[in-house]
Amino acid sequence: MEADIRPIVEAILFASEDPVTPESLKKVFPALTLEELVRVLEDLFLEYEHAKGRGFHIRKVKGGYQFRTKPVYSQWVLKYQEAKPQKLSRAALEVLAIIAYRQPITRPEIENIRGVDSSGALKSLIEKNLVKTSGRKDVPGRPLMYVTTSRFLEVFGLNSLEDLPPLKEEEIKERAAEAGALQSLFSNDKKE
Amino acid sequence: MEADIRPIVEAILFASEDPVTPESLKKVFPALTLEELVRVLEDLFLEYEHAKGRGFHIRKVKGGYQFRTKPVYSQWVLKYQEAKPQKLSRAALEVLAIIAYRQPITRPEIENIRGVDSSGALKSLIEKNLVKTSGRKDVPGRPLMYVTTSRFLEVFGLNSLEDLPPLKEEEIKERAAEAGALQSLFSNDKKE
Amino acid sequence: MRQLILNFHLDIFEGPLDLLLYLIRRNEFDIFDIPIADITAQYLEYLKVLEQIGIDTLADYMAMAALLMEIKSKMLLPRDEEEVREGEEGEEDPRGRLVEMLLTYQTFQWAAEQLNELPQLDRDEFTRPVRKREPGEARFEDLSPYELARAYADTLSRRPSIKVEVETMDVVDKVRELSELLHRQRELLFTNLVEGKSRMEKAVYFLALLDVVVRGLALAHQERLFGDILVKSRVISGS
């Protein structure tokens, strides 16, 4: 019986983020005693402890068992993970661009420009340390204002925000025309 | 050399969320050729393929290699995690199959094959990131075209779209030809 | 009781083709030689129940009923024997298209089953949950400041164009319509212009109004926020 459940326990260990305790295994194997479950976990632990040429093993943490890569290989794992480029989602890139060019800016203002909810993208940018809050805007509701971080400059290879590429000529004209249309509407309003 | 890096590669695989490609390993081992890296990955793959009593193995996904638990133990893992398995409805599976084999394809084309409105199923597939739009078809009305995503390959554990189970196209044609034969039979039938 | 059984089956049908395939299997019909009168009768039985339940996809089932009845009537037509003898190609089984539809759909039903049998992530297999790394470690792929500038420009340019893209033709049409109206009546109220129009149409009218104002053809005047907009022609009539 115990031999049969070993690969099952191994699969459970493999797929869980936190250390697996004998107690927590009880819910999966109610027919087994705690002692039996401890023995299965210990067997697995020892098997990896004695195995040669493996990149990972089992560690006893917080009263449970957890798969971890071996410390001797940590530099390689880190090297791989750092070399592996992360992708910014399209939404995140857009929000980042708006903040970069319009900072400081509030979330409602960002969402006004994009026309869609941007909380998820904003959150991921903060997690990636590309964007941070910087005080609150002095308008009703006092919304948080967002700015880019120094890490942002680093990632994009910029010396300062002044190094951001100017927007394309046509783009600026287009925007001016857009603003102009609304302005004339406004000024007509005033005139009459 | 290759023997020495095997545990390192194993550690990298073990600590990586996404499938590890030989190309991405190149950055960690610039001195090794792609062929050598492929051989290390293949050796590891085969080792786990032949190992008995393990709870997990290596799968080839999206052109890379990834550790995953073995499907036979899924019910136990789900029970431990107190999670419900992610399942697709039959309608969603049908639409997904049509898109997978016929991409790029428009919604009217999908609905033509299924004979029924498929907007709900399509929407749920887009929400699950299994399907995305890819331009518009150059026909009147310019309908959106749909394709499968790389997440689709990941979820179904496919290396590429070529790994899809072959659609028995020839068989359909054969059957159609048979139908033709029956048609003439039919007209003979009437004659007598 | 019978009704209940029918309901149960209807729930699991994915559409008219699925229902037809079910009927073919249940009756052990030959898909290449479907007794059309028989299957039509059975199909219509089911359709009655569907109507009672009032399902969303009723229209699709009705379309199939129409096709079945069309085929049935064609099958009843007496055939010209001469024609049959002469043109083998010209003579087509009225069921041909239906058989083709059923076969294609059946193929993809089969394909869906194949997909379903593949081990699926988070259903049959699980990856290692990898701890999130510390912020600041991230490297980003193919990103340059220009990427950022393009994203910004794209975002800005997309804003007004969304509505225009949907009904490009309409804006042009509406501009023309608005110009003609202004030419005739000199001034008008925006609410009168868009009265009874769909939301999309209202938006398009508003874009048209902006366009006319930008071209200097008209003046727009709004007394207060959310108030009505008075549009006045600036074109001197008769010139």
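By written order: A, B and C. Residues from 1 in each chain.
As a working rule, a residue touches a chain if its C-beta (ideal position, glycine included) is under 8 Å from a C-beta of that chain, and two chains touch if they have at least 3 such contacts.
Remember, it's a predicted structure, so these values are computed and weren't measured experimentally.
Asks: Averaging each chain's C-alpha atoms to get its centre, pick out the one most distant from subunit A.
Replies: C
Asks: Please indicate the chain closest to the centre of the assembly, with centres calculated from CA atoms only.
Replies: Per-chain C-alpha centroids ranked by distance to the global centroid put B first.
Asks: How many angstrom lie between the centres of subunit A and subunit C, each centre taken as the mean Cα position?
Replies: Centre separation, subunit A to subunit C: 36 Å.
Asks: Whole-Å distance, subunit A centre to subunit B centre, using C-alpha means?
Replies: Taking the mean C-alpha position of each chain, the two centres sit 26 Å apart.
Asks: Between subunit B and subunit C, tell me the centre distance in angstrom, where each centre is the average of that chain's C-alpha atoms.
Replies: 26
Asks: Two or more other chains in contact with one residue: find those residues in subunit A.
Replies: Where subunit A meets two or more other chains at a single residue, that happens at 11, 14-16, 67, 81, 83-84.
Asks: Mind pulling the residue numbers of subunit C that touch at least two other chains?
Replies: Each of 126-128 in subunit C touches at least two other chains.
Asks: Using the touch definition from the top, list the residues of subunit C that touch subunit B in their complex.
Replies: Contact set of subunit C toward subunit B: 12, 14-18, 32-33, 56-57, 59-60, 64, 79, 81, 84-85, 88, 91-93, 96, 99-101, 103-105, 107-116, 118-128, 130.
Asks: Would you tell me which residues of subunit B are touching subunit C in their complex?
Replies: Residues of subunit B touching subunit C: 14-17, 59, 66-71, 74, 77, 85-88, 90-91, 93-94, 96-98, 100-101, 113-117, 154-158, 164-165, 167-168, 172, 175-176, 178-179, 182-184, 186-187, 190-191.
Asks: Please output the residues of subunit C touching subunit A within their complex, sorted ascending.
Replies: Subunit C reaches subunit A through residues 126-129, 131-133, 135-149, 151-157, 159-160, 162, 210, 213-214, 219-222.
Asks: Inside the complex, what are the residues of subunit B that reach subunit A?
Replies: 3, 6-16, 18, 20, 24-25, 27-28, 53-56, 67, 69-70, 73, 76-77, 79-82
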